[in-house]
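Structure first, then comments.
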Amino acid sequence: MLEVHDLAGRRGHADLFAGVDFRVPAGGAVVVTGPNGTGKTTLLRMLAGLSAPAAGEIRLKGHKVAPFAPELRAAVAYAGHLPALKDELTAEENLSSLVRLAGGTAGPDAMRSALDRVALGRRRSLPARVLSAGQRRRIGLARLALLERPVWILDEPVTALDAAGIGLLATLVHDHLDRGGAAVLATHQALGLEPSRVQSLVLGG
Amino acid sequence: MALNWYRFSSPATFYPLAGRLVPLFGWGAAVLAAVGLWLGFVVAPTDFQQGEVYRIIFIHVPSAWMSMFLYVVMAFWGALLLGFNTRLSGMMAQAIAPTGALMTFIALWSGALWGRPTWGTYWAWDARMTSELILLFLYFGIIALRQAIGDPRRADRACAVLALVGVVNIPIIYFSVKWWNTLHQGASVKLTGSSMETTMLAGMLVMSFAFWFYAIAVVLARVRTIVLERERGAAWVAELPEARSA
Amino acid sequence: MSGMALRSPAPAAFEAAAGRTADGALAGLRWAAARDLRLALRSRAELGVQLLFYVIVVALFPLSMTPERNLLATMGPGVLWVAALLASLLSLPRLFATDHADGTLEQIALSPYPLEALVAGKVLAHWLTTGLPVALLAPLLALQYYLDAGSVAVLVAGLLLGTPILSLLGAVGAALTLGLRGGGGSLLALLILPLYVPVLIFGAGAVDAARAGLGATANLSLLGAGLALALVGTPFAAAAAVRIALD
C-alpha cells in the first residue's frame, strides 16, 4: 500500500534520519518508535504529504507521490499532535466539519453513532472548549472511523487517552486493518496490536 | 552544442565556476566605471538648462534601472525555484536582494541630491521617486521575511512567492502612482529629453553596464558564501583547499 | 467496550473514496467560507472591536488639525481609505494563525478539495466580516468629513471593489508570515502595505475625481480590473504560501 525508499529527513541544518526503507502492506501496520528528536513526527508528516523528504521517495500503491499530491490527499487520514478542534464549536459540529473537509459524506446519524462509539454521545452538544484533553482526542478517533481512508498516519495517538480510550484506539486500528487498510503509528506506548500484523521501526537506534 | 544547465545548478559545480567569474566581472565593472565616469564627467558637455548638476544621472539612472532589473531577476530565480526546485535558484535570489535594495537606495539618494538644486526640494512626490520608494519597501519586505524565517529552505520558497507577487505588482504600482501624479499635477521635471547628447547617452549606458557587472560580481561572491554556509556538512566542501587550510 | 458497532465500509469503499477526489472546488470554497463565518459569528465581539478600530481611526484625524469643512472634505476619502487598509491589516494575522495553531490548517492542506478553493473561501469570509462592514459603515463616517452624497456613493462603490483586493493580497502575506516571530503585525504590514498602494490610489482617487467633476468611472474600472486580477492570482500564491508554511 505504502512504500518508503531510502528516505532522509532533516530539520533546518540537522540531519534527523537517512536511508529509511519500509513497506506497509494492506492490512498491516508500522509502529515507529525512538527517542525524542529523532524525527518521528518529521517522518510521519512526510508520509502524510505535508513536507518534502530531504532524499528518497514515497510510493503509494506503486506510484511515486510528491507532497500534497491529490492521490495522497485522497488516500491518507492524518492525525497530528494537534487535534484540529475549534473551541467555539460543539463536539458534533467539530466532527462534522472535519469529516466534510476531508470530503466525507457521513450523515448526521453516522456522526452520532461514531460519537456514541467513542463515548461522547451525551456530550456531543458541548463546546469543545469544555471537553477534557482525552475527550478531544476521542473526537479525532471518531473522525478516523468515519473517513474511509485506506492509509492512517497517526502521530502519538495515545496521548491523553485513558485505558478505555487506548483500547478503543486499538479496536479501531484492528477494524481498519481487517478491512484492508494500512496504518503508520508513532508512539511510545504499547497499543496491544496483534504482533503478527505489526512491523516496528526504530529511529535513532 | 548542448549545454547541460542542470550541471551548473548543483552548488558543488557552481561554487568553483562562480569563483572564477567573480574577478572577471569585478574588474569588468571597474574598467567600465572608469570609462563611464570619464565619458560622463569629461567628455559629455554641460547641460544648457541644468549646468553641471545633471551629471548625477550617470549614477542615478543606472542605479534606478538596476534596482528594477534586479527585482525582476530575483523573481525569475524565485520562479525557477518554485518550478524546478533547484536549490541554487533560491540562493541566487537571496544573494540578489541586498544588492537590489542598495541600488534602490542609491537611486533614491542620488535622486534627492539631484532634486534639491533642480526642483528646490530633496523630495517630490514625483511618480518615479514614489515608485522607487515603494520598490525599496518591497526589497525590505523580502529581506525581513527571510530574516524572520530561520529555515533557509522555507525562506527561499516564501521569498520566491513574495517576489513573484511583487513583480506582478510593480508595473501596477508604477502605473497607479503615475496616474495619481498626473491627476494631482506633481512637480515632474524632465531632462532635456530626446535631444540628449550622444555622449551623455553613451556615458549612461557604459555606467549601466558597470553597475550590472558590479551586481553580478557581488551577487556571485555572495552566493559562494551562501553555498558554503548551507552545504557546510557536505563532503565536497570539506575537500575545498580553503576549508582544509583553515 | 461499547457493543454498538460502527458501520464498517467494505474494503471496496476505499476505492470509491479514492475515486471521489477533489472535483469540487466550489464545495471546498463553500466549506471554508461557511465554517469561518460560523466561527466569526460565535465570536462577534471581536468583529465589533475591529469595526470600532475603523471608526476611531477615522475620528482621530479631524482632532489632529483644524476641523475646517473644505479641508476635511478634501482629506476625507484618503483618511477613510487608509483606515480601511489598517482595519483590514489588523484582522489579517488571524486569517490563518488560529487554524495553524490548533492543527486545522494541516487538515485543510490535506483535504481533497483544492487548497486554492479553501483559501478563497476563507478570504471570502474575511471580506464579509471586515471589508463589507467597513464599506457599509463608510457613509456614516463620511458625514464627519462633510462629503456630499455623490462622493459617498463613489466612496462606497470603491470600497466594495477595493476591500476584496485587500483581503486577497492580505491572505498571501498572512500565509507567508505564519508562525514567525513578530509575524503577527509589523512584518505582515511591511510585506503587504506596499502592495496596497494601487488600491489606495484608485480608491481615494475615484472620490477625488468625482469631486473634481471628472467622473469616477476610470478609477472604478481600474479597481474592478485589479479585483479580477487578484481573484485569479492570489489564491494560488496564498495556497503555495500555506504549503510552504506547513513544510
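Labels A, B and C are assigned to the chains in the order they are written; within every chain, residues are numbered from 1.
The definition used in the following text is that a residue touches a chain if its C-beta (ideal position, glycine included) is under 8 Å from a C-beta of that chain, and two chains touch if they have at least 3 such contacts.
These numbers come from a predicted model, not from an experiment.
S.K.: Quick check on this structure: which chain has its C-alpha centroid closest to the centroid of all protein C-alpha atoms?
M.R.: C
S.K.: By CA centroid distance, what chain is farthest from subunit B?
M.R.: A
S.K.: Quick one: report the Å distance separating subunit A from subunit C, using the average Cα coordinate of each chain.
M.R.: Taking the average C-alpha coordinate of subunit A and of subunit C, the gap between them is 33 Å.
S.K.: Taking each chain's centre as the mean position of its Cα atoms, how many Å separate subunit A from subunit B?
M.R.: 48
S.K.: Quick one: which residues in subunit C touch 2 or more of the other chains?
M.R.: 247, in rising order.
S.K.: Within the complex, which stretch of subunit A touches subunit B?
M.R.: Touching subunit B from subunit A are residues 11-13, 15.
S.K.: Quick one: which bits of subunit B touch subunit C in the complex? Just the residue numbers, please.
M.R.: Residue positions touching the partner: 82, 134, 137-138, 140-141, 144-145, 148-149, 153-154, 157-158, 161-162, 164-166, 168-169, 172-173, 175-177, 179-180, 183.
S.K.: Which of the residues in subunit C come into contact with subunit A in the complex?
M.R.: 1-2, 4, 6-11, 13-14, 16-18, 20-22, 24, 31, 35, 38-39, 42-43, 101-104, 106-113, 115, 243, 246-247
S.K.: Which residues of subunit C touch subunit B in their complex?
M.R.: 169, 172, 176-177, 180-183, 187, 190-191, 193-195, 197-198, 201-202, 205, 208-209, 222, 226, 229, 233-234, 237, 240-241, 244-245, 247
S.K.: For subunit A, which residues count as touching subunit C in their complex?
M.R.: Answer in residue numbers: 48-52, 67-68, 70-71, 73-76, 78, 80-86, 88-89, 97-98, 100-103, 110, 113-114, 116-117, 119, 145, 147-150, 164, 167-168, 171, 175, 179-181.
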